[in-house]
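Chain IDs A, B, C and D follow the sequence of writing; residue 1 opens each chain.
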Amino acid sequence: MNEFVDPLLVAVLLTNFFVLGTSRLRAAITGTALQGSILGVLALFVHHEIDFRILLVAGGAILLKALVIPGMLLRAMRDAAIRREIDPVIGFIPSLMLGALGTGLAVVFANTLPLASSHVGSLLVPAALATVITGFILLTTRRKAIMQVGGYLVLENGIFIMGLTLLKAVPFLVELGVLLDLFVGVFVMGIIIEHISRNFSSLDTSRLSSLKE
Amino acid sequence: MNATRILDLLVHLGVVLFLPPLLLGVINKTKAFFGGRRGPPLVQLYRDIWRLLRKDTVVSTTTTWVFRAGPVVSLATVLVAALLLPLGGAESPLAFTGNFVLFAYLLGLGRFFTILAALDTGSPFEGMGAAREATFSALAEPALFLGLVVLARASGSLELGGMLGGAEGTWAKAGASLVLVIVSLVVVMLVENSRIPFDDPNTHLELTMIHEVMVLDHSGPMFGMILYGAAIKLLVLGSLVVNLVVPVTGESLLLSWPLFIVGILALAVVVGVVESSMARLRLVQVPSLLVGACLLSGFGVVMLVR
Amino acid sequence: MNEWLVVAGIILAALSGVPGLVLSRRGTAGERLATGLLGLGAALASTGAIRTFGGVPGPGLSAPWPVPGALFAVRLDPIAAIFVLQVFVGSFLASLYGLAYWPQAEHPFNGRKLRLFFGLLAAGMGTVTIAANAMFFLLGWEVMAIAAFLSLTTVDERREVREVGYVYLVATHVGTLSLFAMFTLIESITGSFAFGGVDTVAHPVLASAVFALAVLGFGLKAGIMPLHVWLPGAHARAPTHVSAVMSGVLLKMGVYGLVRVGAMLVEPPVWQGAVVLGLGAVSAVLGVAFAIGQHDLKRLLAYHSVENVGIIFMGLGVALIGKSVGRPELVGLGLAGALLHTWNHGIFKALLFFGAGSVIHATGTQEIDHLGGLGRRMPLTSVLFLVGATAICGLPPLNGFVSELFVYLGLGRSLAGVNGTWWVLTAFAIPTLALVGALASACFAKAFGAVFLGTGRSEHAAHAHEARWPMIVPMVVLAALCVVIGVAPALFAPALDGAVVAWSGRAAHVSLAELAPLSLVSVGAALLLGVIGLGALGLRRRLRRVATTGTWDCGYAAPTARMQYTSSSFAQNLTRLFSFVLWPRTHAPTVRGSFPASTSFASEVPDAVLDRLMVPALRTVERMMVWLRWIQAGNVHLYLTYIVAAIVLLLLWRP
Amino acid sequence: MALALVLTPLAFAALGALVPSQRWRPWLVPVCGATHLALVAFALREPTVTGVGGYLALDHLGRLILGFISVLYFLSSIYAPGYLALRTERENRVFTAGIMAVLGVMSLVTLSQHLGLIWVAMEANTLATAPLIYFNKNARSIEATWKYLLIGSVGIALALLGTFFLAYGAVATGADSSLFFSDLVKAAPHISKPWLHAAFVLLFVGYGTKMGLAPMHTWKPDAYGEAPGLVGVLLAGGLTSCAFLAMLRFVQICTAAGEGAFAREIMVAFGLFSMAVAAVFMARQRDYKRMLAYSSVEHKGILVLGVGHGGAGVFGAMLHLVNNGLTKGVLFLSAGNIHRAFQSKLSDNVSGAIRRVPVSGALFLAGFFAITGSPPFGPFVSELTILRAAMNGQQYLVGALFLVALVVVFFGMGATVLAVVQGEPPKSAPETSFKDRLVTVASPLAFMALVLLLGLYIPPSLSTLLHNAAAFVSITP
């Protein structure tokens, strides 16, 4: 734990709000990419000593979360020729307010959980939860498939922050899990997005509602 | 089985077989009296039956054996039913627990076959009569049984002799209920015997008849049997009322039988009076009266709750 | 030994339809073999059952069944034996009837299937009667229910058959699930799935729930009002010999179940008997009232099943009341009445359905108002049908009278020497039963009159022919049984006595011969038959020469067959009287002008509970469910919101 | 040994991807199933099976579910060649490889002994099944796959968060435990309660999503409706059982921590809710494959309800897992056949299945009776056992609601099934060349035989497996 952690977490929270508040897809994807790179840096500072494992995690996170996946999303965006999230389920201002509310609730909820001595007073757990909540808000309110993937990325980022608390205590499976999840989940989603845009000539998921009762 | 019992039995059979036509004679005489006419002789029905039994018969080509079974079964059932009744204060020839059920159901069997015989002709009029008979008797049946329930509860017996014969004791115990029951039984008797105010045996318009229209196609001996059976039915149902009103016990043969006969003849006079003083009800009102009879007996039951 | 005989009978019945599956589709070997096997099984099982009445009941059989809670336990006491007899005799006679009614040659595609399920139906019912373990009972119960469903929907290409099949299936499943609940509750009281005594004093609420579930589960099968909804349609649409078994035997499995549960209840409260009695009375009256309104012959018979099950329940109610208040004579008369009426109804109802089947087979219609005058073309059938009709109306000297007499006596006995006011219920039950009898007479006068008497109303009736012997023989047997039970009820007293002893447990037993005037009933019946015989002889002598002419027509010159009183007109007075429960539907034209054009009038009495109550209610529920479809509207955002909601809810559940 | 159970199917999958012949490739599937079944049969005889340093091992719960999945897989694999021979217009390389890989990852779930590993295995399951749902490659199947992936991934993400919570509770604040299940169960009483509760909620919702409990079931009707019947069997019988197993691991930890009542309460509530939701959607359900999906939701509800009752209910749930899976085998495969024979999965266009495809039609009907709990079929025994657990535990209201839900389900399901099976094929139905053949009916017939057998006779070996598993989950020695 050191003095850089909390400012970085605040930056994460700010990117959350940025992604929530922007209507341009490119900006939102860039925001998630930025968030991913912050998390990579964060991984380096969470623990005092930096070993090979932590470098691997940080490098992997930056590579995947900040470069590869946003890159794929941007490409899909270009292919489908869409730029903006128009007409989300709820507007941008309400999204932001929901995000603020969620962040507040995350802090409250985190306070009810007993923390390890090293994490007491740190923003780690609240920020993790707030980011997860932000991810959910994006997932449930954005109509474009690309933005939903983006929301999923944010959700995963939150979980990643939570995982950082365990980085030291738990063997490597956890981080591998995070990476695997991100990598494969988005990879497959990317493929599917391509098929969707080919078949429906749109990435608007509200059109994906022919299967219903 | 002693001599008195045998004698009782013989008198019972005699009354059942020979008295009934006289009752109709009495009724008709009474009606004639009130109408200011001389009317037919008291024994007119005996003559009619005798003549009919010797006549030839015409039957419809539509009919089957059911048509012929009708009169036979209806006569047989009232005869057997008459054997279940205590008459003249004596124990009934066929006394057993629950014989009241057999009694009522025998009448039901007779009615069932009369209706079938009517339907066998395929005539719309007879069908109409049969439908009415079926409807009204269905409503009369609960009235009869409610009355019997009152008697059973009051007398503590399930045998007709006990239910009716124990009337002395029951009058004291359940007099009010018994009055209701008697009224209701009179109604049942009138409807079952097709008397005014339910049916007019002397009407001449098929559309308004009930019982008479059912037997339009019967002739000769079959019609004779029907008339005879109807007369016995009057006796049988009338004796229910008489037994209740005139509670005679079988102490003395010489006293009780005449008392019974006087009672039943008096009932015939009452029926005659009723027929002279009332008009026939409209058909649609008949059910209401029957339901009323049920209610009366039902009250009788409720009054026994204590 | 006796148990083995019955088990062998059940196995033979279950297998009876199997050989036919591999035999030729066109040949007659399969169907004859099926009936033969069923006959052999029936002979074995009946022997076993009859031997039970005489001797001491055996200890029963049991074989392990490696499934939790289950045991292949068999017990054959006189109660079971009474039903075993009915199951096998009824099924065999129906199978025999089916040889001519549903021959393989005329039904190449569904004949084999039907016989397979028919055998399973018999086997299932046999299992129900002898099972002494809840799981085994439920096994038999469901095999029976499903086999009945599959037999009933033999002609599933017809829409109305499918509809009644669905209603039946749903009803029977609701019944089965109530039995699940009932048996598990019993287990939670007694600790086992064996049919042990349920202590109603120590567990008043649970025992009441057991009772209520038994009434629901078994009442649905028995077709008690208002649980009868499946019954009229199913009986009307099934192949007639299946209808006969359903009405004659299958319903009785519901009765059996309630009788069995009644035996298990230790010191039941009086209200339970009163409820059974009350349900029975309502069922009896409404059953017959609805029957009067019907103009489909089989539907009419079906409503009479509701009526007769009502009478059986009345008897059972009396027995339960007797058990509660410790009056063995009520137990004896009520139960004997219920059980004998169970037999009797099985006999005369099967007879009537067979008669109806002969008519349908001969004319191709079951619409009463299209028939008429069949007595001349089908003399045997008409006589046999009349015997059944007389018996079902409870008229002497036939069997229906005897069992109703027992119920009357049981009700009557309760009038005297009791404390409390519950006797008022029995007091009013007596005239109710009388009303039912009178209405039944009216109804069968209508049915028999319109079908067999008068003249034919349509082409259907004109070309009727008498049934073949495999159809006549079962009817003759059943008619003979009607007479034998009616004239000599004492012959059957030992069986009933045995059942009463087995049922009442600790209540001191009084034999039926002491409670009911069995021999005097015989005397009365003999007397009646004698007098009728004498009268008939006398009339026959007087009627050697008769002139024939047309029916008296009041001077109208050209009467036609269509002017006859139809069954609907016959019933009209009564349906109008009962219109407050029947809600008849009429389609009457308004006649205008001096010379109105030709028009038509129709009336029908739909089932009040099913068509007026349940179907609309279920439609409403269904509409509400369909409205809830927005939950799954295809919108993935909504779906994700549900997940969030679930988490929030659970986190708040217990913070 | 343990590793072989996982790797063999994966090797087959790789082989399947390499075989060039479109025609012969599907025959690998039954071979793979048979090989796996033989391996499992061998493994179940061994007293202990472990591998990879204890990360893989067979415990009592694993034994039951692995054995069940292997049987289920083998029986349905017989169907694969016959089915794929009918779908020659589709490239089947990915499908064949995927369907064999699924067996490997399902085995991995049953063998996982580590908190993290089981999560990885579940995730792998999601990924391996996605191409199977996508098999038809039309707009509808894309939509179904998209929803399956998105909702499934969210579920799996939640499970991961829950896993972290549990690990945090176990490692950072409470007991100092490894993340092996056996250690977690031992250390459970010392795990920080708030973390445990939150973790259980997240894991329950996460794995409940994979299992298809309402209200997280929304992917199911779409996925089951669009995927081939064979995939439906594997999802409804195999994959959801794996999710259930994962959930049970955490129920076990909760129970060991003395928080069993908390977990059980949640399970009863969600069990009943799932049954109710399924019942609502089965009313007037015109699509008979979606109907089966809702039936699956209902029966997953029954499973958690059974476990929620504890005691005999856990045994009932274990038995129901087997019975439901096998019965779903009958239903999905016969429904698939009917679908092929009529070219429609809407009951408006399908009737008289018993006339056009007699065996499949009869099996569909029999499967319906079985799944609704009619004796003498297997589900009857297990559903009654669960009901007994409720009644004997004096949970009368729960028992009553359970039965009411079953009634409503029967109403809805019965109408649809009978409409499909009975009557005559509609005039408008296109004539198809599809007929019942041995290759297409052998598998559902075998399933049906097992379902019937389990209603009449539970073999002692299976009984032991069930009892051990139930005792293992309820932590009674």
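Observations on the structure shown:
In the analysis below, a residue touches a chain if its C-beta (ideal position, glycine included) is under 8 Å from a C-beta of that chain, and two chains touch if they have at least 3 such contacts.
Since this is a predicted model, take the numbers as computed values, not measurements.
The set of chains touching subunit B and also touching subunit C is empty. Between subunit B and subunit D, the least number of touch steps comes to 2. Of the two interfaces, A-C and A-D, the higher number of touching C-beta pairs belongs to A-D. When each chain is reduced to the average of its Cα atoms, B sits farthest from subunit A. Note on chain placement: the centre of subunit A and the centre of subunit B lie 98 Å apart, centres being C-alpha means.
Chain geometry summary: the mean Cα position of subunit A and that of subunit C are 69 Å apart. Taking the mean of the C-alpha atoms as each chain's centre, subunit A and subunit D sit 31 Å apart. Chain geometry summary: the mean Cα position of subunit C and that of subunit D are 43 Å apart. Shown for subunit A are the residues that touch two or more other chains, namely 112, 139, 148, 205, 208-211, 213. Within subunit C, residues 629, 631-632, 636, 640, 651 each touch two or more of the remaining chains.
Looking at subunit D, residues 146-147, 150, 154, 198, 221, 281 sit in touch with two or more other chains.
Applying the touch criterion to all chain pairs gives A-C, A-D, B-C, C-D. For subunit C in complex with subunit A, the touching residues are 629, 631-637, 640-641, 644, 651, 655.
Per the touch definition, subunit B reaches subunit C in the complex via residues 53, 56-64, 66, 68-69, 71-73, 75-77, 79-80, 83-84, 94, 96-99, 101-102, 104-106, 108-109, 111-112, 115-116, 119-128, 130-132, 134-135, 137-146, 148-149, 152-153, 156, 158, 206, 216-217, 220-222, 225, 287, 294, 297-298, 301-302, 305. Here subunit C touches subunit B in the complex through residues 372-373, 375-376, 379, 382, 386, 390, 393-396, 401, 404-405, 408-409, 412-413, 415-417, 421, 423-424, 427-428, 430-435, 437-439, 441-442, 444-446, 448-450, 452-455, 516-517, 520-521, 523-524, 527-528, 531-532, 534-536, 539, 542-543, 545-554, 559, 561, 563-565, 569-574, 577, going by the rule given at the top.
Residue ranges on subunit A touching subunit D, taken from their complex, read 112-116, 119, 132, 139, 145, 148, 152, 155-156, 158-159, 162-163, 165-166, 169-171, 173-174, 176-178, 180-181, 184-185, 188-189, 192, 195-196, 199-200, 205, 208-211, 213. The touching residues of subunit D, when paired with subunit C in their complex, are 146-147, 150-151, 154-155, 158, 197-198, 201-202, 204-205, 208-209, 215-216, 218-219, 221, 262, 265-266, 277, 280-281, 283-284, 312, 315-316, 319, 352, 369, 372-376, 380-381, 383-385, 387-388, 390-392, 394, 396, 399-400, 403, 406-407, 410-411, 414-415, 418-419, 422-424, 455-460, 463.
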